[in-house]
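Labels run A, B, C, D, E and F following the written order; every chain starts at residue 1.
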């Protein structure tokens, strides 16, 4: 995603690989240890839900806006969910203003997949008038500071914003959906958790920071649900992974994801 | 405008309890972002705005290089969730115009001659929008420029005044902006006594125009004191503490 | 807005400042004297209204098109007014083809503001069926030749085109707005007049031409209404103005605006 | 097409009173714009079209430079108010195609070899549109090129002929274009006897095709005389006077 | 359309002109002889109609999709026909990915004109509910390999796809257009045939390949209908043609078109 | 998902007659396009996909040049007529993401170090779409790269497996993809035993995840044999003959 200073990087990578051989990371973390995760919800009162997430120095702000919309023809009784991400130009020296980059589109789509496939939100509860009117949930993510692992930080922000979002209850009158003043939660059923793992040399590390991303060969994101099922995954970067490491990454994602889910639940309950 | 009565009562008290010449609460934090060369965060009424600065840096594309000074770039952008109805993330015509006037308001404060052939980028992101977001953005952006160590002639500070009916008031919030009778965003360089942004909406008698304009300058000077405190906190009082100044009712 | 030949400009500016010190301008005008203003209306019969305005060598053509539209949700009983400007590539060696530039967008928005804030057009008279159908007034401005002060020339063209525009009278039948053959004027109530003032050195001059714009430090546009009220303003360019000069500019705008309003009224009555 | 009867009566007289082979009134002015290096304005029926030329000038971006000749750029654009329903100002597919065929109609008249490594820009702005705007635009554009002092092998002049029912007619106006049975815009270099634009709409027998095509050439030659007069007026008869030629009915 | 190697081209052109003087072409064809034309229809079963056309090495795939749409205000009882073309980046070393180029737009519009002006499809039979609902026919053309004369190859592909397209029969129930299961042909009445002629030196040749296009001065496309009427034409490229050659090209188009029409009818009946 | 029962019957037979671990029919042709440096056409179920390669070639714009290796460009694009409802020809967000993952799946197989400062372009055009178009596209694209003579460490071959209810199945078609319970596209470099693309949709137990993943690898290896045969046919068995492999039901 970013331009790199090749000389510094190659020295850094050398040192990083040496350390990893003895089970250590440059910033002192264990291989399967994510950075400090901080979640603050309700930070944007004008949004239906919002969350400010820091994962190390990576900072993401997600906001949920809810409106009525017209359902897709193939799902006339289901609500609409849209996840969008902008990697703000302020987020790093390498980000640029302009239409969403390939990276931002992938980020939004992978995040969306984790939410959608886990059936986090019960979309059938967002139908209002079949074929005519449903509730549309827009989740927009502002990537404000980049220090690696946008996938997980963005996913935690979206999940936290949705878990705490409130929407007007709608009633149908004369074939029209009318908002009442009553505020109800978005029908959240599950808590998908994304865990991203990088391979540096031949080691897998959880939650890579920018420095580690500059040295990594491969990245894999695996999202698991409350029952430890795998509900989304995306291998990234221009390199490969062995089948064994895929399975190892899956196990790591399940175990690390469990701990992170507990944090998210705590921050959003 | 039908709702004018409601915006200010017979005792001159506004919907949120302010007098005609009071400011909303303002909170300033400098140096809050990790990657940016400089940054500042402002909460002003319900506005929540982040400003960040990168530079001086190389200019791309090269044909935009200015041989004798820095190129100042500025983007004012509203997050899709910052307003009542979700905003399309692509820049609107309004955002393009405001980006231009913010850039023009800041550039004469920056000593661009000190950084020939470079770019200085100012990113203003409105996370939650209330009335007066452009002047709040300018106020934060000039702190972010100072935080980035960019040479400046003066800080730039903005305040918007306007009309409710024929009453001049300071610092309109969103409701007052939409249902009131005029809005006048002003930005000043307080030590140099110069105005670097002036826009006017509404219908002002010559007298009210002057009254609102001069009130905006007076209020701007007051906010300038908060800017100074925020910078002091940043450079001498520890890291990124917030400067919250609630004005005593006059 | 434009690329500049710096050597010629600095010599020109020097001479200009010398002259201004003795109250004169390079083209012989007094400091508060606008250039010759010529207004021709009805030049585009296919448009509902039109005006060809020359202000010195600056040439702007504005055309009004009227149609029915759907009102904005927050003003269900008011018409729609849209002002758009294109700085044609033919207008100067520096203009370019393509989507509207930042300058063109500012120009359209400032012009729009003067019209809108002065309540020139009574928008409540443009409602047809509340929440469903209103009259939409599109004013498009073709900037055809640039010789400075686009703001004023464009504003005069828009005001003149609107003042002389005719539209079909609509009647509501069976909850539908239907055009009748009867032509009625657009409900114009006020005549806002924009006056632009430049600072060159420490002098304020009205209606700068291109040469003066190349030398100016600051530009301020102030729009006044029939009662001498101030209804829009825009400070432009990358420089500052003192508070005293703002007030001085306001007074100049009121007095110069009065004379120009008389000309516009004469040309459009 | 249901309205064919109405477009031409039993005496061969068209809605606006013209015979089958008459032109609408044409008015030409050369040298009307201040900034452009060359310009011409044409009124042809209800068409009102401005053409302006800049160049030869530097080519941007540089990779478009042609080492052995000038690059001719051309934009045909319709003002939003030029047509019955307001037109979106962004270029339509129709405008993009017409820009291309106008460029191709003009480029062989320009001695592009005389201006290597430069750009010549031709801007055609339709202020009010009637039938035949592309040929009117070409007619004005070649005058603007001449006014700019660009070396040319010949002027280019256009005229459109077509069909009402099975009757070949010259110079269709908007109604005839839309409700008639065919339109054939033709541009020629009259002294060289060459065709530089030919497009065909409608269904023509081989015989009618030839008749319409040859009529377009004949009418083009007639308009060429007006072009010459307009240039004479421009260069010898004072500044920007208009050449109005109302053809006597034949 | 394409960048050219000027040295090779000038040698090729010299040889080409010599040969043409004796009535021969580099690839052995007669001057009025098109290349081998191959038409395969029904190649995309998911489309309502499709055709894969090769004209020499030029390869075009056209697909027809049919849906209901809202009629244009000025033709409330007529269907909608849209022809679109993309010159795929895979089609030649000079094609580029991105929005449709000027060439692709001209190609689609000239092809559209031949179809529309010949009244190939009886648009009045595509009306469903006047002013409300009509049948919309989209024809998309993928230009897959470019070896000259895209106009004719694309036109043959579109005509062949339309001639073999099937659509659902619609019935109007309760003021709504409803698709039935019955498949009926698109109402095709005519078979327009485009013939493109290039001038190389002073000779006219039919169906130029890429090599000939690189050497040609002028190109003219003339479309004729079943009765030998001329229903569309487009002179192309930055050069001129004499009046005599226009008429000669018309005659060639009529005679060559007749033979090609027979082939198209054979392949699509 | 209501339709799960229908997708697979009590005997484990799927709608199209396949068993849980069978592939749809696959047909491969290499060297089918005239202009491209390399090309391959694949029919896989109802998918019809053309892949073409140009390069190594000069990089434009120049600032994208990689000094030590080739730049691999990739576009996955769906023809407007390739799907049930006409698709807008402009690239969708889905196509942009798939272009990225296809590029990342192919690039580690290409020995990019052998072609510094050049571009290699891979164009994947979906003419008709069925489930699994991205893995079919990768399978064809790696053949097109080989056909272009680009140095490669291994071929890349893709297969998608997934879930119908809790049953792991191979190679989902469009209906199974939409109405089934999960889809897992996988691409591998079969000789090196490495995975170069992995995406997951659906909800898999840890056991099913492994089962589907390993099935995708197994099936990929099977398709790799077809790739080899297609290349053999291309280089030794005459021009562009098709390699059709219908798998015997197990």
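In this section, a residue touches a chain if its C-beta (ideal position, glycine included) is under 8 Å from a C-beta of that chain, and two chains touch if they have at least 3 such contacts.
Remember, predicted model here, so these are calculated numbers, not experimental data.
Hopping across touching chains, the smallest step count from chain D to chain F is 2.
Separation of chain B from chain D in touch steps, taking the shortest path, is 2.
Just one of D-E, A-B or B-C has an interface built like that of C-D, with over half of its contact pairs in common by residue number: A-B.
With centres taken as mean Cα positions, chain F sits 32 Å from chain E.
If each chain is reduced to the centroid of its CA atoms, chain A and chain D end up 58 Å from each other. Work out the mean CA point of chain A and of chain F, and you get 27 Å between them. Chain F has no residue in contact with two or more other chains. If the chains shown are joined wherever they touch, the resulting network closes on itself as one ring, and no chain has more or fewer than two partners. Traversing the ring of chains that begins at chain A and proceeds first to chain F, the chains occur in the order A, F, E, D, C, B.
Contacts from chain F toward chain A in the complex involve residues 93-94, 96-97, 99-101, 103-104, 107-108, 182, 184, 189, 192-206, 209-210, 213-214, 217.
Residues of chain C touching chain B in their complex: 102, 105-106, 108-109, 113, 117-119, 220, 222, 225, 228-243, 246-247, 250-251, 254.
Of all the residues in chain F, the ones that touch chain E in their complex are 33-36, 39, 46, 48, 50, 52, 54, 57, 75, 77, 79-86, 89-90, 121, 123, 125, 127-129. Here chain C touches chain D in the complex through residues 43-47, 50, 57, 59, 61, 63-65, 67, 84, 86, 88-93, 97, 99-100, 138, 140, 142, 144-147, going by the rule given at the top.
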